[in-house]
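All chains are identified by letter, namely A, B, C, D and E, in their written order; residue positions are counted from 1 within each chain.
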Amino acid sequence: MRTRKIISIIILLILAGGFILTFSQIPFGKDKINVAHYYISKGIEETGAVNIVTSVVLNYRGFDTLGEVTVLFIAAIGLGAVLFTEKRVQKHASKSKDDKTKKASLILRTGSNLLFPLILLFGAYIFVHGHLTPGGGFQGGAVIASGFLLMYLAFPKQSINKKSLSVVESLSGLIFVGIGLFGLIFSGYFLSNFLPKGIPNTLFSAGIIPIIYIAVGFKVGFELTSVIDDLLGRGK
Amino acid sequence: MQLITILVVSFLGAGIVYLTGKFSGRVRDISAVLVSLAVVILVGLAYNQKIYTNFYSLPFLNLSLSLRLNYLSWFFAIIVAGIGFLSILFSLEYIKDYQGVGFYYFMMLFVNAGMLGIVLSADFLSFYIFWEMMSWGTYLLISYKGGKAVAAGLKYIIMSVAGSLAMLFAIVSLYASYGTLKFSSLASLLQIASPGYILFLLLMFVVGFGVKNAIWTLHTWLPDAHAEAVSPFSAVLTGVLVRMGMYGFLLIMYSIVGLSLLHKLGYGLLNFNYILCWIGAITIVIPTFTALLQNDSKRLLAWHGIGQGGYMVLGIGVATSLGIAGGILHTLNYAVCGALLFFVVGAIEHRTGGVRDLNELGGLIKRMPVTFIAGLAGISGLIGVPLTNSFVSKWMIYKTLIMENYPFLAFAAFIGTWGTILSVYKFLHNIFLGQLPEKYKDVKEVPLTMQIPMILLSLAIILFGILPGIPLKVISGIEKSFGVEPLSTTMFGMPKEIGELNLINILAVLLVAGIVVYLIFSLSAKSRRVNQDDNYAAGLFVPRGKYQYSARFYDQAYRIIGPYLHDVVDDFYYWLVGKSKSSFQIVRQIYTGNINTYALYILLFLTLLIFVKLGWGL
Amino acid sequence: MVNPSLLIGLPLAFAFSIPLFGLISKKIEKYIPIIALFINMVISFMLIPQILKKPIVVSIGGWSPPFCINLVVGPLGILLATLISGIGFLVSIYAVSYIKEEPTEKYHILFLLLMVGAIGIVLTGDIFNLFVFFEILCISSYALVAYYKDKEGTEAAMKYLIQGSVGSSFILIGVALLYGFFGTLNMADIASRITSANPTYLFITLAFLITGFGIEAAIFPLNAWLPDAHSSAPSSISAILSGIAIKTGVYGVARMVYTIFNANSILLFIAFLGLLTLLIGEMCAFRQDDIKRLLAYSSIGQIGLIIFALGIATSLGVFASLFQIVSHALAKALLFLAAGYMIYRVGSKSIASLNGLGKKMPLTSFAFTIGSFSLIGLPPFAGFVSKLSIVYAAMQVKKPVFLAFIAIALIATIIEAGYFFKIVQNLYFKEGKNLDKITESSGYILIPIAILAILIIVIGVHPQFITGLLKASARELLERAGYIGWVLGGT
Amino acid sequence: MSLIYNWMYYIASGGLILIGMYIILVKTNLIKIIIGLNFIDTGVNILLVCIGYVKGRTAPIFSTSRINPTNVVDPVPQALVLTAIVIGVAVLALALSIAIKVYEHNKTLNVTKIRGLKW
Amino acid sequence: MIIKVISIIVLPLIALIIGFFFLGLSRKVIARIHRRYGPPISQPLIDVIKLINQESISHGKLFDMGVILSLAGSVILVLFIPFGGIAPLATSGDLLVIIYLMLLAPLGVALSGGEAANPNVSIGISRKMMLALGYEVPFLFSLLAVMTWYKTTSLVEVVKAQQSFLWAIFYLPLPAVAYFMILPAMLGIRPFDIVSAPQEIASGTAVEYGGRYLALTTIQHAFHIFIDIALFVNLFLGGGNLLTFFVKMLVVFLLGLFINAVFPRLRIDQAIKYCWKWPAILALVGLIIARII
């Protein structure tokens, strides 16, 4: 074991040397912006979104985000496939026998009842204003998923209907790809922003961005919930 | 156009035979015979024509595959077609009760087609393609019977793949340095190449063809392959397929490198030809005497196959017109004798239910006279008794060896002949002569379709023995194509200035003497016919069934020669395989299964890249 | 003119819609990947003639190239895309009746997304997008390797995941450093700016990227995951992994070395690495007694040969390596499919249990023989032509070091011939035990196997079908200026 | 002083990456290795953001008129980080689920013990 | 042309007479050595005539054909060897043909013996073959020595070359001595007669022969003696005209007989070892000398 440690330390030192050398070539904080100038200067009038990061994420580099959503989708499906067990049905039955699983404490149950709608509201706010304020579909989805996690903690016995989760997931995914395909049909470019841009800094602006972000928000929220559910091993 | 029809007929024929095989056995047998007969006729018709056709082009390598016909290719093509046809005819009855008969016929015709392709191809690429197709076709056919044949097949294919890869290496280096693979253009281009390069090429080709022609150090696959293959196929294997190596030698040594260049290779005694002759000589002596010790009839014949191959290599190694003619003629002669002897063994196997052990057979002359006559003709052909075909070719090889002042090579060849006599007589005696054991009492003669090939081949032995002029005319055509001054021979012997050989006189004198002696014999007192049990046993009672001396036939000779004939080369190959297997085992241990080590490998690779960069400034 | 972005958009849409179709009826799910990949194949076949005239550069989102992600569909891209969708289509037919394990809906989604990832890698012109599609490919293959959820499968998936994610992190570091140096993510843009940075530090970025892609491309020290992953995955997946996933890794390495970094000095090292992989792969394969593990190691060997051919920087060398990619993809997919079904019928993976199958499953074992003969490089099959062109390419380079390399490569072929011929013998010429109840495989299994076998023979006999396309893609890889011209010099 | 200021973030990201690698190389517990993977991901994300940062500028959101294109940070790395984080999460989730299954079969998380597949 | 035909007819008769004479002589001489009178010289002829009229048994077609073949083989072999001036067929077969024709005789006997289905015969044949293998080595070495020395394979030219000046025995002493040492083995007399000695396994190959078969084999044996000695004389003693040729043959035969009559019988492996030791080495050295000069 000792030799392994020594070797790995030597390797890491060499890697550190490599890092130092390459980082010295990339001065920290200097203005290295090159292609990004285009986004910054013409970002607003081309995409209509005030939040340039969102315009980059969805319009200029929308394909990445599509890939991104697919990765999450794969993770959820993969998790379902790997943790899929027929036994789950028996576990469900065995659970009813020994009912000793501790019920959550009163404070947790009432608190979560109160907080759950607020969390959902806050999450919805984040992904609806994706193109105006920092944050977007992914961050809003994560907040929603944390709400559902809270409910899982509060009510150990209940679990969400997996069927509906997967339907919402695939529907929102379809919306995203559908918009892309519509873009292809209308303006000849996949994922092009064919809807009217509207006035920047207002809610209904930046063409397809809010729609996509809403779809992504739902998708990420429910996907992370199904991931949590699979990991807890409770859902049907 | 004619060449393409030959190839198309033989390849498609194989396919058609396989398809008809699905419906009915009879139709398949007949169509197989017809296809092989058609091939023989087509090749026969294309006698002395010079044809050259491009039949396929590979633009991305700007190469084109082409076929050509000259005397050399026609000579080998007719042997391939003839022996192929006879073996198909022979196997009609022989293969009847095996399973997978459709596969067998398809493979036989496929291998024949491959050999025709080799012989007719005019550039090295098509030569190599057909060569490889023949090799893996043979592999499937050798391991066709299962059991021990599987190991024999594997041994064969490994050595054959190694040989053909050496050949591929040479072919591609030729293509890389000269841009063309046509035999004709290569022949002229190679004249200006450096001797070292030519030596390298010759070495690679000798390895490639040596494996197929089983010269001494590359011969270890042949005994197993012949012993385990199905008899009709081992007839094709020993008669013709192994001689593709000989065709290759002739092709590379004479039609491409050419005689003049060959002499320039090496200095004084150490030139390429002389070494090849010595390899040929060793290939004659050692395998022939190992054949002495064999108890399995097919293995005995297999070792003789290697031995006779030595004669051919010796013949063309001497590089005089008489020597080359002797070598080529001996290829034809051995093809006929070898195939005949394997047919004989096949017939015996067919009738005695697969018995090949020489110690269990005996006295079959009484039950199978035709097979005996064929066997007698075969072994006399193998020995080279006068008035048989091998006598002429051996005579030519000896004559040129002595005239070129190589007495020791001549001695090796002579001793090889005597070794053949001893072992081949043991073969004949243990099978046909002596007491007929109980269990073979009611053995019948082989059916007609098996007798015809045997009779035809025996006649061929005698015919070429008495009138060697027929093949020699073609061979002189071949030598003209090599640029060597051709050998002018009369129809039945050698002209005055070459040497004293007049076969018609020998035949006439033998007949007269035979008649005179027969007269004396029949005039004297009659003798009554007795059966085998009424025998002299020095007064004792003749023990039924056990009164046969065949086991350890040359016992005293074994004790003297035996220890020297242990097959050292075979042990070396097995040792090599063993060593490589253990090294593979060590290499396998790199993948230890531990995640940390795998991650270590990745980071090591990365640091290696970076370190090499920092240190070296690549 | 059909838009190449459909090649990625359509299967993605189908993948997302599979759960919805699942609601209507469980049976449809099995057939959606077939439809999706069939459409993909048709599109890519339609695109080939057009691309041979002039490559298509499609931007996603409608902006001019350096400022958006664009798909560069050159001859190399379309060649690999056709190969991927073709083999994917055949394997999806095979999977319809092969995958019985419970969550089949999830299998088909993951399978389709794996295909999307592969096609994405091959077509994209943006380096970060390449990373994202690479991730799609990797994660779906992690999940699919663990699909059988047995002891072997999960262990193999775990090892594959850890090594794979280490590799992906290295790629991400490389991409980050590249963005740091040049401020742009478009491959052509980086390629045109590459000379502006200091070459020594640039090399460290190249080192990270090569290691990252090398793990997926199974170069010698990095391929420890491959034998476990390919032998314990479901056969249809190991066919895809061996046939396609490794090739995308090799494409990644080729794109980095040839197009972006133009690092000619490292090519000799890559050729040496390829040779090392070939030797190690063949040596380990020789002693295996589990058929799929043997095929996995032989994949390592063949990939070594491809990378070796790639290391020969001449146009013929790259042409030969692409030809070997195509012939290996076909042959290896065929072998895995056939072996998979034999194992499914016989029940055990050991080679000894395959004895005597030649009579019971004649067509499958015949196809298996064709596949193995093509891999060894025997004449009438595709493998021979590709191996011949590799040997010729190596010989054309007059440097003696390549002569030694190609000699060793031929010796490795002997080892390969050794174990493949042994298996073929087991199939046909050895007596098998308790094989009575085994019958020939059903329709769905036979169609892909038959088509692959026919393809191998057709390409072997008449290679002109694909040599035109191969020559153009070899030229694309070698002439960087051409590639940059397509993307930046206006669509 | 300014030296450390300039290099602080790079040191952080490089350090995280190296620590992550060290964990993978040396630790034998499977979960620790997965955590190591996560370390590397976070390190790389920090590296990405650092590359995009320009001193003295703010986030590229033009909510008020005060922010004009001159004093805005490079938005592209932030978009990339967004994707990279989600990929990290996806891989992490999958890794944990497979780790569950591995534990179910081998009853141990010690990597040196899980060596069913070797040679 | 007519002289050729006549000589073809006459030569075998002469050979037969000389052969019988030698046979009778050898029995006479051995008897004299054993201090007894021994049978008259014409005894072999009387035996043959007696045997021809005797009834005998036959084991089948091959049994007869084998004997006929072996005698025919010996007869034509005589025609190829020049006897004094007469060499009828020398132009159509040289020394190589002679070597190969010498195979016919043992082969014929072996075939007919095999047909006799008697183990004694088989043992006899295998011994005969092994003995032949034994003496072939020195025999071939000496023949090759002569051939390389005179650069020709035709016997007639060898004889003509020896007429002009000294006999070959002076140029090639060692091969000649080697040939002489293995002469008894080739003839199958005294020390090497294990194959056909009566006391051994029922007189080897001739076990099943009676009546006319025995007659033919004795005739064949007579021819064989004539052939071997004539070959020796031609090769090494430059055989002159008829009379001198006969005298030389007589000298060689008697010399061989005297030396070998006293030796005990050698076992087969002893015989092979003997043949392969001294005669082979002598002949090999002779060949090397012939090759170098």
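Simple rule for what comes next: contacts are C-beta pairs under 8 Å (C-beta built on N, C-alpha and C of every residue); 3 or more make two chains touch, one makes a residue touch a chain.
All values reported here derive from a predicted model rather than from experimental measurement.
Common neighbours of chain D and chain E under the contact definition above: B. Top-ranked chain pair, ordered by C-beta pairs in contact, is B-E.
Centroid distances from chain C, each centroid being the mean of CA atoms, peak for E. Greatest Cα centroid separation from chain B: this falls to A.
Chain geometry summary: the mean Cα position of chain A and that of chain B are 74 Å apart. Centre-to-centre separation between chain C and chain D, using Cα means, comes to 29 Å.
One inter-chain figure worth recording: chain A and chain D are separated by 16 Å, centre to centre, where each centre is the mean of the chain's CA atoms.
Taking each chain's centre as the average of its CA atoms, chain B and chain D sit 69 Å apart. Counting only residues that touch two or more partner chains, chain D has 17, 21, 24-26, 33, 51, 74, 76, 80, 83, 87, 90-91, 94, 98, 101, 114, 116-117, 119. Annotation for chain B: residues touching 2 or more other chains are 588, 591, 593, 595-596, 599-600, 603-604, 606, 610, 614.
In this structure, the chains touch in the following pairs: A-B, A-C, A-D, B-C, B-D, B-E, C-D. On the side of chain C, the complex with chain A involves touching residues 3, 5-6, 9, 12-13, 15-20, 23, 58-63, 66-69, 102-103, 106-107, 109-110, 113, 116, 120, 124, 126, 128-129, 132-133, 135-136, 139-140, 142-143, 146-147, 149, 154, 157, 177, 180-186, 189, 197-198, 200-201, 204-205, 207.
Taken together, the chain E residues at the contact with chain B in this complex read 8, 12, 52-60, 62, 64, 67-69, 71-73, 75-76, 79, 89-94, 96-97, 99-101, 103-104, 107, 110-111, 114-120, 122-123, 125-126, 129-130, 132-133, 136-137, 140-141, 144-145, 147-148, 151, 153-154, 202, 207-208, 210-213, 215-216, 267-269, 272-273, 276, 287, 290-291. Residue ranges of chain A in contact with chain C, taken from their complex: 18, 21-22, 24-26, 32-36, 38-39, 46, 59-64, 66-68, 70-71, 73-75, 77-82, 84, 86, 166-167, 169-171, 173-174, 177-178, 180-181, 183-184, 187-193. Put simply, chain C touches chain B in their complex at residues 158-159, 162-163, 166-167, 170, 200, 203-204, 207-208, 210-211, 214-215, 219, 221-222, 224-225, 227-228, 265-266, 269, 280, 283-284, 286-287, 319, 359, 373, 376, 378-380, 384-385, 388-389, 391-392, 395-396, 398, 403, 406-407, 410-411, 413-415, 417-418, 421-422, 425, 428-431, 463-464, 467, 470-471. Listing the residues of chain B that touch chain A in their complex gives 596, 600, 603-604, 606-607, 610-611, 614.
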